[in-house]
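Think of it as A, B and C in the order they're written, each chain with its own count starting at 1.
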Amino acid sequence: MVGAPDVFFKRHEPDTYGNAHPKELLRQITEDVDYLLPLANQHIMSADQFKRETLLQLFRLAAKFEANPSRFSTPLQGKILISAFYEPSTRTRLSFESAWHRLGGDIMSITDRATTGIAKGESLADVGEMFNNYGDCVVLRDINEKSPFEMMDSLRIPIINAGNGLDEHPTQALSDIYTIFKWRPSLVKRRRANQPRLKVGIIGVPDKMRTVRSLLKLMIKFPDVFNDITLIHDGSTKDIYGPRLTEQIDEAGITVRESHNLEAVVGDLDIVYINAIAWIKDSYESYGKSFKLDTSTPLKNSAIIMHPLARGEELSTDLDETHHNWYFAQARGAVFLRMALLTCLVQRTGRVMDVV
Amino acid sequence: MVGAPDVFFKRHEPDTYGNAHPKELLRQITEDVDYLLPLANQHIMSADQFKRETLLQLFRLAAKFEANPSRFSTPLQGKILISAFYEPSTRTRLSFESAWHRLGGDIMSITDRATTGIAKGESLADVGEMFNNYGDCVVLRDINEKSPFEMMDSLRIPIINAGNGLDEHPTQALSDIYTIFKWRPSLVKRRRANQPRLKVGIIGVPDKMRTVRSLLKLMIKFPDVFNDITLIHDGSTKDIYGPRLTEQIDEAGITVRESHNLEAVVGDLDIVYINAIAWIKDSYESYGKSFKLDTSTPLKNSAIIMHPLARGEELSTDLDETHHNWYFAQARGAVFLRMALLTCLVQRTGRVMDVV
Amino acid sequence: MVGAPDVFFKRHEPDTYGNAHPKELLRQITEDVDYLLPLANQHIMSADQFKRETLLQLFRLAAKFEANPSRFSTPLQGKILISAFYEPSTRTRLSFESAWHRLGGDIMSITDRATTGIAKGESLADVGEMFNNYGDCVVLRDINEKSPFEMMDSLRIPIINAGNGLDEHPTQALSDIYTIFKWRPSLVKRRRANQPRLKVGIIGVPDKMRTVRSLLKLMIKFPDVFNDITLIHDGSTKDIYGPRLTEQIDEAGITVRESHNLEAVVGDLDIVYINAIAWIKDSYESYGKSFKLDTSTPLKNSAIIMHPLARGEELSTDLDETHHNWYFAQARGAVFLRMALLTCLVQRTGRVMDVV
């Protein structure tokens, strides 16, 4: 290194990360632990399995954690998390592990499929039976879509699907809807038909991106909020929805439009959700070559951008310092959302509720 | 995922995992901490080094932990475990790490030989000297039989051999005998010659399977209990016992029979121990092609099956729901046995004994 | 294993590791927390950034920890360390992790570059922004010299450079100077010109060895102590100092001699610092073929040998049992030095000072 660098830094955070937003969300939702108790013996496999009221209580609990992070440091004391990332990840793994540590729990990590019994030919059902003896909760990510299901049947502790092939990534979707409600807390009140529609644009293809898939499955549980959705894609995929999702969207009474031209539609959007990278087995294809957000994009003035990250060229760093940037707040909020969900799964809700 | 899965699960455990068995074992052995104190400055290298009375006290302490798991959450507070698995493992590593976490200790893991100083040519003696500064206990597994011995000489903290090549795996054997005594607590009382013999069958070859090797070495310390052993193998190995084990067995006054025909002998056995996979360097050979346990095997009605797991085709999943299945209880008990041993090694016995 | 091994060991430590030395250092420096407070919002990138008085207070705090290790077990409670070793390491990683655990903190480890977002093309600036949400401090080692700088700009939590390519390894240098002052506590008092010079020999090349580079940068902050330095090398590197270091040495008023003949100069040296291994990208070259320390080396009777370890042939194990061996004490002290630095970085100084 040549010359002394400027090594000083500030702990101060941009306003978006402050606690004004979670506090307002906290006020908008009344606490009701009854809707959280059913989470105590469920595996978290799909965005489909959540009821609207349970979702609101999860968001409220996440907001409670985010509004006052240092207050809750012991709810998971004595609990052990098995963090099994057979498909590599830093972001999601550290998000879960940070959430668990923040609440006072202990962690055992598996980060390399090659070092596991699976490499020796052991069945995932036997792996699940083993995990019963070692921990209190499992988080699993694998490139194989069936893995969490194969493990599920022998588990007597909860498992969270942290991404199974191209299928789903439910906790990412929970974090994303949480972020939207933090941005506009009034959305949690059932909206009347004459209120202005929230225009959502999603750049991506559900059948190829588990994040988008899970997100849509959650959005349709709030048809009064998310009733104007445009999917923006390059038209190269025939069936962009994948199994059953079209029926689910229809049943919710929502019309999802499609567009191949980002520039044509972006100026109307309140929320621009971009997720340009799709993992295909052990490599990735970059979807975003023709769709890119930067300072020349004609965004609505009040529009927010969301991205589950990691990002590539599809989301310009020039947007980071603008008020459109809600993707960093999205990552921050994800830790608190996971804290809320994990607390409920391992039956420690009683340690964090105001009224039990 | 197509269609909502059934995501609900039960935390209830089968009766074998209940605390009736450890509680009865607890009653059969009188606590005596004097036999545990010598463990405070020993490395755990071989099943040979344990005295019968020390073993009984370890089993009693393990049973104490298993009878009331939530009672002991702090004995290892402030202690650091160095979990060094140079040979890949998930099962044994998580078993040790879970044990250490359950007792309130902290852990540092090494799971990839390639990232260690050894890859740079550092001697294991120097690695041991380094570990002295960083932790309070080492657990080591390596494909090289000499590794724990090379590390031992410079260590001033205890090391547990968690598997060294084909040589030994002492804590697995401790867990296995613990399981047998949980199953039949009356066995801990010295048995008279006229009492019915416990017939044990071991499917495997000591010279090629460290688990079987260590198991036999422990069994011969209870010659009044384990005096009717049959080794069942395919005859392809010339010297099935390996160095010195034959003399040890003779000195204990035990006759070990051999058989090449599982069907012919299995109907008499009270305990059927199967361990069909042998690790040879970085690959494994499947020993069990001609020896398999399934629902057609003519097991004695009261017989129990044990397997250190992971299992392959040699042990059918159809047996899992039968009362013969003591291999899952075996895995569960192993955590508590390791909790007992680790507590003694790092001089925290005083925090768990009734009388010190 | 044939025959029972001698498995007993002693916890007793050689006198060099006792607490007599840190206690004397503690007495020689008066506590003054004001010099530690500026560390609360600095990244630790280079040895250049430390003031002399801050160094002395860090050494005092390290000595306080080393003199009574069990006294301070909770200062980092609730704090999370992100231990990111993109370049493999066991020694430095475990040293940091042990330090953090000893003080009661929690850790998340990244030990394989291939499993990170960087493998997916994510920028280090984005990785830093992610880390802000997950932990309270980052330790980073990478073969790429620019990595900590690229991460630094987006970080709102402190980062410690644990080795960036060939550039620097500041905490190793801090530990090394700490070791020297533990050995001779009187050196911390400003020395007058007529006092005997401490003769230091460094076997190595600053431009190729980050440890040596950082060490020299710290030594020149004590020109009254380190004013007689000889660099011993084989002459194969043209510019042995690298960027700017020559000017820094001149500005401090120190003359550094060079020698190609270890035998010729070693008999005068009080401190012999050897560091013979240089990492070049993913392989290493062994520098030490022509420079070796063993029992035939004509060392001054009172000379001490230092080596950051891991060692190879350049430092004979025959020297381990001699009083010249201060390299093991050096490794031991490094944990306490890191405890001191980490405590200051995450603003927990108040929990360990006598007077705040």
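What we mean here is this: a contact is a pair of C-beta atoms (placed from the backbone, for glycine too) under 8 Å apart; a residue touches a chain by one contact, two chains touch by 3 or more.
In this text the structure is predicted, and so the values were computed from the model without any measurement.
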Query - Inter-copy rotation, chain A to chain B, in degrees (Cα atoms; steps of 5) - result: 120
Query - chain C against chain A, contact positions shared by both copies (same if over half, else different) - result: different
Query raised in the report: In angstrom, rounded to a whole number, how far apart do the mean CA points of chain A and chain C lie?
Result: 41
**Report entry** Per-residue overlap in chain A, given as positions that touch at least 2 other chains
**Finding:** 109, 111-112
Report summary line: So, in the complex, the side of chain B touching chain C is made of residues 41-46, 48-49, 77-78, 80, 82, 106, 108-112, 114-117, 119-123, 125-127, 129-135, 145, 149, 152, 155-158, 167-168, 243-244
Report summary line: chain A residues touching chain C in their complex are 1-5, 7-13, 70, 73, 85, 88-91, 94-95, 97-98, 101-102, 107, 109, 111-112, 277, 284, 309-312, 317, 328, 331-332, 334-335
